Amino acid sequence: MNDRLTIAGKTFGSRLFLGTGKYASPEETVGALEASGTELVTVAIRRLDLDNPGTKTELDFIDWSRYSVLPNTAGCRTVDEALFTARLGRSVTGSDWVKLEVIPDPKYLLPDPIGTLHAAERLLAEGFVVLPYIHADPVLAKHLEEAGCATVMPLGSAIGSGQGILTLHEIKIIIENARVPVVVDAGIGAPSDAALAMEIGADAVLINTAIAKATDPTLMAGAMRKAVEAGREAWRAGRIASKPYASASSPLEGVAR
Amino acid sequence: MRLTVNGKPREIASDEPAPPDGLALPALLRSFDINPKLVAVAINGDVIAKDAYGAAVVHDGDDVEIVRMVGGGAS
Amino acid sequence: MNDRLTIAGKTFGSRLFLGTGKYASPEETVGALEASGTELVTVAIRRLDLDNPGTKTELDFIDWSRYSVLPNTAGCRTVDEALFTARLGRSVTGSDWVKLEVIPDPKYLLPDPIGTLHAAERLLAEGFVVLPYIHADPVLAKHLEEAGCATVMPLGSAIGSGQGILTLHEIKIIIENARVPVVVDAGIGAPSDAALAMEIGADAVLINTAIAKATDPTLMAGAMRKAVEAGREAWRAGRIASKPYASASSPLEGVAR
Amino acid sequence: MRLTVNGKPREIASDEPAPPDGLALPALLRSFDINPKLVAVAINGDVIAKDAYGAAVVHDGDDVEIVRMVGGGAS
Amino acid sequence: MNDRLTIAGKTFGSRLFLGTGKYASPEETVGALEASGTELVTVAIRRLDLDNPGTKTELDFIDWSRYSVLPNTAGCRTVDEALFTARLGRSVTGSDWVKLEVIPDPKYLLPDPIGTLHAAERLLAEGFVVLPYIHADPVLAKHLEEAGCATVMPLGSAIGSGQGILTLHEIKIIIENARVPVVVDAGIGAPSDAALAMEIGADAVLINTAIAKATDPTLMAGAMRKAVEAGREAWRAGRIASKPYASASSPLEGVAR
Amino acid sequence: MNDRLTIAGKTFGSRLFLGTGKYASPEETVGALEASGTELVTVAIRRLDLDNPGTKTELDFIDWSRYSVLPNTAGCRTVDEALFTARLGRSVTGSDWVKLEVIPDPKYLLPDPIGTLHAAERLLAEGFVVLPYIHADPVLAKHLEEAGCATVMPLGSAIGSGQGILTLHEIKIIIENARVPVVVDAGIGAPSDAALAMEIGADAVLINTAIAKATDPTLMAGAMRKAVEAGREAWRAGRIASKPYASASSPLEGVAR
Amino acid sequence: MRLTVNGKPREIASDEPAPPDGLALPALLRSFDINPKLVAVAINGDVIAKDAYGAAVVHDGDDVEIVRMVGGGAS
Amino acid sequence: MRLTVNGKPREIASDEPAPPDGLALPALLRSFDINPKLVAVAINGDVIAKDAYGAAVVHDGDDVEIVRMVGGGAS
């Protein structure tokens, strides 16, 4: 059946987006991307090592004909850094999509709501398709939607922490109010987290550390793929309500005595 | 010619014919043995469009950034 | 690859067991069983309606060549009722396996630890393969394992409540200590619950209400199948640890400024 | 013959030849039009093995249980 | 011993702040304020009913010599409304303190991070002592602190919802980084919630609905007072760490056998 | 007002029971007991050191005229050990009350439901007043109540773990069904845990490690006292329900614009 | 004199001597029987300081807000 | 006299007059300098009531337990 996701006019069959950081080898990167079934892959932008300009990275082993690239502004602490990196990313990737991150705090890597909105407004004016990474703040999400962002990407918990969806309640509110796709980004540690995000109605999830740092990234990538599909199907299938008491699943009458 | 490239001062020596008051960007990239397709370049904070490389010139004292894609998901 | 589950010498490719209660129609029952990929299906034993002895039930539409049957003692409030129903179940199904339930309480349907152990000891002496449904009590689970039960089946939360794995902490301890397969039974409401049970090392899960009462049982059955596989694969793939702080998934150095 | 079947008293009328002091189980099941393969039977609390149906006899006043499989997952 | 709280040069012996809304009677309002031991009470600013300008409200029954008044901008949806109400509040109360709320959303009553910061900057320039009500966003909290706010007041959960401290993790981060007092505002439903907020190091809590709508507001006010004191004392007393396993509190040796 | 607790005919003004293990000094023991306001104190029974029979312990510094003593069977792994220790405890303390523990597992210190019931039946027959320590299993609790136990003492989490009330859901069911006092024993780590136990209707709590191992045991004992009182008062005062959405505590009308 | 007070149009009748082109704020408050101590007043969006009431004048067409404290904790 | 006391074998020497076939419990306690009020005693698994100490006698080979209260909350 057809249950595809459309962002800024581009349609995706997979609702699992992948990051490319922290993999131990190009083989693990390529294996995980393939096993995940992802169609959208985010990359960072960094200075070239001028002394070894030809050095290959894991990205050089990826068959880019199979994936859309999503340059991000990871590492940018200020609006100006994010704007500059976004423009460089557009030039090097040829894509005008950007995963916008403005993150002043080094310990918890939490995004700056004020700076993110300012940067988003600037980049939208320059014709970018902006996917902002944000704290799970429903009012901020609405501001960014109204500014013209293509999605909102609220965090489940701190980047790379694997704590899961600590912001479940707020993300439910964001989903309830959003008119753009909601992508849960950061914090997912296990398939159950990814499934939960999809069950409450998220449109997609973005995962990096939970796959890249698993003991077996390729196997975990496949597990995450199944979990995202399971969560989405459960959302469509209509889960049962949670009740504080029991409900027998066998007839109460007719026991032999 | 002295430039600041990726945050570090560098003395650029090029044996290519250069405009009297500068060095063509393609020549600068060649001097570093860089494939222009794989990078993005900014001169003094302005990102140079790929189709404008041929016309772009760096001058003594310019601040040049040359970047590439690397693996990364989030900050 | 080969990651099969063996209980009392019988091997299963699927780690999802299904109940057959509460379905709206035989078609939904059959559709859900097929979509789930299950190989073990539990049934209740009830008095025949002597005035309509030929009436067909959903069970008559199931292709039993595809599933192993697991008679249960659902509805039994005492040891004697459970023993009697177990013996009748063995006679009608031809299987000496039994999902043992001794449940005095009608509101929360919580099992009786004392009665369950007594009944298990009796049935084991009669040659039954006993799979007891229990509260998530690690010491009780050890008693039943030492008595010779083939598995232990701790509850995640009240039967049919869909509250998920409220007993996560105790089930982890049961799994840590068990030398027989641990099957999480009761309480699973969504695929994220099923995945979580498998991620912490459960050997299988048993689901009834969450599938039977979903708006689309067949779609939910497929979702549960994927979730159980995802959770199992994640357990094998080695999930990342949960950390209270962030961990960047992009290089910290080399941002253009 | 009066029996208690599945908890209710019943008067069983069978025109089949019956042992002087009882009724053969197969005849009892036929009298209800029951397929023996689909049920289990207990007489006075003792479950009758399938291969013992032929020899089993119910007597006046016996307590008989006849059960089948039904859909059910847990209590 | 001396463990007083100082905000903008004013010192408080009680770390429990009270709201004055939703009480069933002036008697309940006065009783709760007294039982709570509070020293800071927040009030809303509303248009006078010109047809009944002399009508008394519960506030007219409060002995204001015993409490400091904290006018708030509750009900303001925009920056301009909040600025106007703050100025009116200063005029009517004679206090230049303001509990700043900019809340566009009527269903979840979640504050606007952008509007709140803008309004705070304006009010600070006008000499107000600003106590902003915010989502539990650590980066936003830091912006407001750097702007010069006297405190930050992150929400535990939605106003009046009684869901407790759903934002526990974020509030811990705010407390870790804050150089101004952190007051947990909104969501507290029971004394255990208030105690928890104080145990993690909050400087104070603000409670309204949980007391005003309790069956016995005066009794609940006393309970909240004890809980706030208990939580604060526990924070000072140094609670034990939480461990995933047991630790005997009796000697392991010497049991008679 | 009068809200006293009666167990087996003995009435208590304080609903906080204390253990006496793990204190760093007799002074801390005595200080904590006094600050806690407790009236019931549990002690372990151990072999006398025959080479130093006169050695004083912290217990020798306690003014026993102020507290009722509750000998326990801590350390007993079997029914026979528990029976023997209970009888010795009755002889040395002169009290026929016993906190019954039968705990085979050394790592999680979880009680044996089967052995505890057997031992309780024997001790009741010998005229003991039995307060059994149990897993939070509502059916087991009912068995012990029906056997004649004076209370049930379900665990919140593993002894000394300080994880709080992980068994909240089960304890609520025990309280709903119990006709004897329910005392939450083990797992309480902070005042918020103690308050929560009382808010859901527990009759008392027993605390040892959380006080004894706090940095300042006397201060923590006072905090626990306030928390238990707060939780009890909140239960009597009728807390507000938890709602998934907000509820304004200020008038919606009349904002100046 | 026609004013908008607290969002509603009102015709103000005052028998007090008034400046030719307006009405003194204290007179306006008296006309509503309002205790000035218990309220705050804004004229056309400007909040009037308590010590400036005596000098404040409202003119035909002005927008006046008169507010008081009420019970309230949060939105 | 050889006893097992608190799990360990001990040779008990008492200069007090003792019944021909044993030693009075009070004498045993005195030999250890134990205050009877502060302990409980079991002989061969039977706990001796406080008011029976005077009549209690230990014999060669007996297993004696002598316990006291100690600080403890739970296992």
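Per-chain residue numbering starts at 1, and chain names A, B, C, D, E, F, G and H are given in the order in which the chains are listed.
Here is the rule we go by: a residue touches a chain if its C-beta (ideal position, glycine included) is under 8 Å from a C-beta of that chain, and two chains touch if they have at least 3 such contacts.
Just so we're clear, the structure is a prediction, and the values are computed from it rather than from any experiment.
Undergrad: Identify the chains in contact with subunit F as well as subunit H, in label order.
TA: Of all the chains present, those in contact with both subunit F and subunit H are E.
Undergrad: Suppose chain centres are the mean of their C-alpha atoms. Which chain sits farthest from subunit A?
TA: Most remote chain from subunit A, centroid-wise, comes out as H.
Undergrad: I'd like the Å distance between the centres of subunit G and subunit H, where a centre is the mean of that chain's Cα atoms.
TA: Each chain's C-alpha centroid was found; their separation is 95 Å.
Undergrad: Need the CA-centroid distance for the pair subunit B / subunit F, whole Å please.
TA: About 73 Å, centre to centre.
Undergrad: Could you put a whole-Å number on the gap between the CA centroids of subunit A and subunit C?
TA: The separation of the two C-alpha centroids amounts to 33 Å.
Undergrad: Taking each chain's centre as the mean position of its Cα atoms, how many Å separate subunit D from subunit F?
TA: 55
Undergrad: Residues of subunit G that contact two or more other chains, please.
TA: 6-7, 42, 65, 67, 70-75
Undergrad: Taking each residue of subunit E in turn, which ones touch at least two of the other chains?
TA: 19, 21-22, 44-47, 72, 74-75, 84-85, 88, 108-110, 159-160, 163, 208-209, 212, 246, 248-251, 254, 256-257
Undergrad: What pairs of chains are touching here?
TA: Inter-chain contacts occur between A-B, A-C, A-D, A-E, B-C, C-D, C-F, E-F, E-G, E-H, F-G, F-H.
Undergrad: Which bits of subunit H are touching subunit E when the two form their complex?
TA: Residue positions touching the partner: 6-7, 42, 65, 67, 70-75.
Undergrad: Would you pull the subunit A residues touching subunit E in the complex into a rising list?
TA: It is residues 104-105, 108, 110-114, 117, 135, 137-140, 142-143, 157, 163, 166, 169-170, 173 of subunit A that touch subunit E.
Undergrad: Please give the residue numbers of subunit G that touch subunit E in the complex, ascending.
TA: Within the complex, subunit G contacts subunit E at residues 5-7, 10, 32-35, 38-42, 45, 47-50, 65-75.
Undergrad: Subunit C touches which residues of subunit A in the complex?
TA: Interface residues on subunit A, with respect to subunit C: 19, 21-22, 44-47, 72, 74-76, 81, 84-85, 88, 107-110, 158-164, 189-193, 195-196, 199, 208-210, 212-217, 219-220, 222-227, 229-231, 233-234, 236-257.
Undergrad: Could you please specify the touching residues of subunit A with respect to subunit B in the complex?
TA: These residues of subunit A touch subunit B: 18-23, 29, 42-48, 50, 53-54, 57-59, 69, 71-72, 74-75, 84, 87-93, 99, 101, 103, 109, 133, 159-160, 185-186, 206-209, 212.
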